[in-house]
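Both complexes below contain subunit A, partnered by subunit B and then by subunit C.
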Partner chain A sequence: MTTPKNGLLLIAYTNFTINYGALAVLAAKLAKRHMNNIHVTLMTDERTYRELLDNGPSNFRTAFDNIIVENLDHETNIRLHHDTPWYQFNTQFSNKNKHTIFQKSPYQKTLMIDVDYLIGNDDLLKIFDTDYGLALFKNAISARNHAPRMQEQKLNEHGIDMWWSTVVYWDKDSPEAEIFFNVWEHVKENYNYYKFLYKFPGALYRTDFAASIAIHLLNGQNGNVVVNQLPGKVMRYSDQMDDIIKVHDSNDMVLLCPIPATPWKCTVNRIKKENIHVMNKLSILRNYETLMEMAEQ
Partner chain B sequence: MDKKLAEALEFSNYRLTINNQKQNLKLRMHTMCIVGYANSIFNATPELIAFVKLIIDSGNTQYVFLDSNENPVLVTDLNDFYSRLLGAYTSAINEYYTELIKLNQVRSVAEIVG
Partner chain C sequence: MKEIYLINCSNKAELDQAKVLAVSLRHFDKSRPVYIAGPKELEKQYPNFITFGYESEGNYTHDYFTALIESDFDRAIYFTPWQICQYFDPAVWEPLRNLTPIVGLNIKKMYNESIIDPSVYFEDKVNIATLNTTFNNSAIYVDNTKNAKKIIGSCIDLAASYSLDEVNQVVEKLLEENKEVALLDNFPDAVWPSWVLSLYSIVYEDLFFKYDFVNNIDLSRQECANNEQWRTSKWNHFLRYHVDNDGILRIENFVQKGLVTYRDPSWLSDDNIVKLLKINGI
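On to the complex of A and B.
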């Protein structure tokens, strides 16, 4: 079967704590259900692939149309995760080769989504009908309808805008896209220098920051004329402290959202027919069977 | 707790949750107004729809519009563009209206959560 011109790309490198392979299967199934059976490629490593073969969901072969398996040694990158306000843990976050998606994608026009970005409608299909070379989300809104924390709007208080690398669209023929991914790689290789230059804290390598710096450099360090925003312009996300408490359908769920300053106080929010970046991956895994059953309907 | 205060707090929770749901419906309406046209993305706003109608009524056959990322885009079939924008806006506003009526009939947080 020939590879179509347009498709969805997922990246999954599992670790001992979070089963990214299983998350990828669910993300693919949801995308296929809500994005008109879109062609899906999984980019993964041998360990995750073996894990999927041995212990993965039984339907994993029907989730992907194409699987790219690589033999990779991931660089150490430890990330602090929260699962509700009451539990936190550190685990490996293998994201340092995310910029290589440009070369590895089999599609002419690729939409890459993180495996914790749950598709609930077909809004993003509209991007394939454009002649945009590159598009990402710059703005986001939480499940509580609040703006993200300051460090997720700008790299520092007086710094450049942060662009989210959760969803990235590009056209392989676009010279801007190729340069963007090359600059992203350059920033990754000189991350400590750019951390000092752009004055952002933390030891974790964040692809959002690397992509944002690449966009800033690509624009001559002034404004933005190179990168387009994805349809809708606002990415919905739920915080790591939020928890999925009820699933009504594959695109209809209820979230319990603590108020960060007073986490014992919560609001409930029902998200329907939206794409949502669920940062609390364990909460997806807790509701995995229900979500999968509904994604398969 | 005093009964009146308990009722007030319950009502406050209910209003907060309702308000969040209204915000969600509004966001959904805005995303439904997105129209892919002439290799670009447009937001079907009442202003754009009225402007396109004005351009048509002024006898133009083609016109350059700014898309949602402020790229200039030449539209050569203005009537088709107009009907696509109006169609998207009409579906979005109708869904918003219907869902909001349903939401306004809900009287407790439990009902919203389902």
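On to the complex of A and C.
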């Protein structure tokens, strides 16, 4: 079977705490259901692949049309995760080769989504009908309909805009896209220097920051003429402290969303027929079977 | 047809600023001369720098318009001196020739390209409060082939004889005669060029136009993202900035690309002036 021109790419590198392989299977199933059975490629490492073969969901082979397995040694990158306001944990976050997707994608036009980005409609299919070379989300809105924290809008209070690397679209023929991924790699290789220059905190390597700096450099350090925004222009996300409390359908879920300053107070928000970046991965895994069952219908 | 860039330098303190602006304009357009107008006394002191002198009335607004009337050109782009030009495309002359006799800029931006609401600037705020409009005069295009001199002459008349007391007397008289007076509420005690231009842009609506022929970055008001309040401190006190050896100004992580209005020259150190005078960038 030949690889189609357009497709969806997922990256999954599992660790001891979060089963990224299982999340990728669910993300692929949801994408196939809501994006007209789109062709899906999984990019993974040997360990995750073996885990999927041995202990993965039984339907994992039907989730992916293509699997790229690499022998990788991941660089240490420890991330603090929250699972509701009441539990937090540190775990390895293997994202340092995300920029290599440009070369590795089998598609002419690729839509890459993170495995915690749950597809609930076909809005993103419109991107394949454009002549865009590169597109990402710059704006986001939480499940509580609030703007992201300041450090997820700008890299520092007087700094550049943050672009989300959760969803990235590119056309392999676009020179801008190729340069973008090359600059992203350059920023990653010199991350400490750029951290100083762009004044953002933390020891974690964040691909959002690296991609944002690459976009800023690509635009001559001023404005934006090179990078397009994805259809919808605003990415819906739920915070790490949010929890999925009810799944009505594969694209219809209810979240319990604490108010960050007073986390004992919560709002209940229903997200229906939307794509959503669920940052609390453990909450997806807690509702995994229900979501998977509905994704398979 | 004589097309020029014109800068009004109203006092000695503005000489360095006008020089830096003139050099940067020259960098982007070598085909048109840059004239620097100034009071006759300044011309006597700096004959090699001031292109032509005019009789100063000691009234800034009056002098601002007098410099325009007294200079010899067909078309000019007229600048206030407290600016540097970090990017200018001379191709804008072509569309400007087809527009109205006077063209002002439309929007002001922050150092990071965000658009600023003009009502945060003092002068614009008063203009809007009194006239419901404002006119950005960081740079204005003036076309004498389309009788711009008549409008500028009216501006000089208003600037020369403006007195709030007289305005109020007229208003009171009109009110006594039961005539409707809608425009004259809250007039300022004194007038400044953008107020006069705002007024005449209402009076002669067809002769004025707003078009961003250069990207205007106005640093005099910059947003503080911490508490969403407007900073009262100067931009150079809380933003990092650097002029590189090519004369390019970076503020925070942003290369400034356009006409940068700074008003307060305290950031223009001797070192920065030297680098800006050697502009070789963008």
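The criterion applied here is as follows: the second predicted complex is superposed on the first by the 297 of 297 C-alpha atoms of A that agree within 3 Å, B and C clash if a C-alpha of one lies under 4 Å from a C-alpha of the other, contacts with A are read in each partner's own complex, and residues count from 1 in each chain.
The working rule: a residue touches a chain if its C-beta (ideal position, glycine included) is under 8 Å from a C-beta of that chain, and two chains touch if they have at least 3 such contacts.
What you see is a predicted model; the values in this text were computed from it and never measured.
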| item | value |
| --- | --- |
| Which of subunit B and subunit C A:R144 touches, first, second, both or neither | first |
| Touching partner for A:V234 - first (subunit B), second (subunit C), both, neither | first |
| First (subunit B), second (subunit C), both or neither touched by A:G223 | second |
| Contacts of A:K273 with subunit B and subunit C, given as first, second, both or neither | first |
| Which superposed partner A:L197 touches (first subunit B, second subunit C, both, neither) | second |
| Partner chain in contact with A:L80 - subunit B first, subunit C second, else both or neither | neither |
| First, second, both or neither for A:K126, with subunit B first and subunit C second | first |
| Contacts of A:E157 with subunit B and subunit C, given as first, second, both or neither | second |
| Greater residue coverage of subunit A in the superposed arrangement, subunit B or subunit C | B |
| Footprint overlap on subunit A, where subunit B in one structure and subunit C in the other make contact | none |
| Subunit A partner contacts - residues on subunit C that touch it in the complex | 112-113, 224-226, 238-240, 250, 252-257 |
| In the complex, subunit A residues that touch subunit C | 150, 154-155, 157-160, 197-198, 216, 220-223 |
| Residues of subunit A that touch subunit B when the two form their complex | 121, 123, 126-127, 129-132, 141, 144-145, 228-229, 231-234, 236, 245-246, 248, 254, 267-274 |
| Complex contacts: residues of subunit B adjacent to subunit A | 13, 16-17, 20-21, 23-24, 27-28, 30-31, 34-36, 39-41, 68-69, 71, 109, 112-114 |
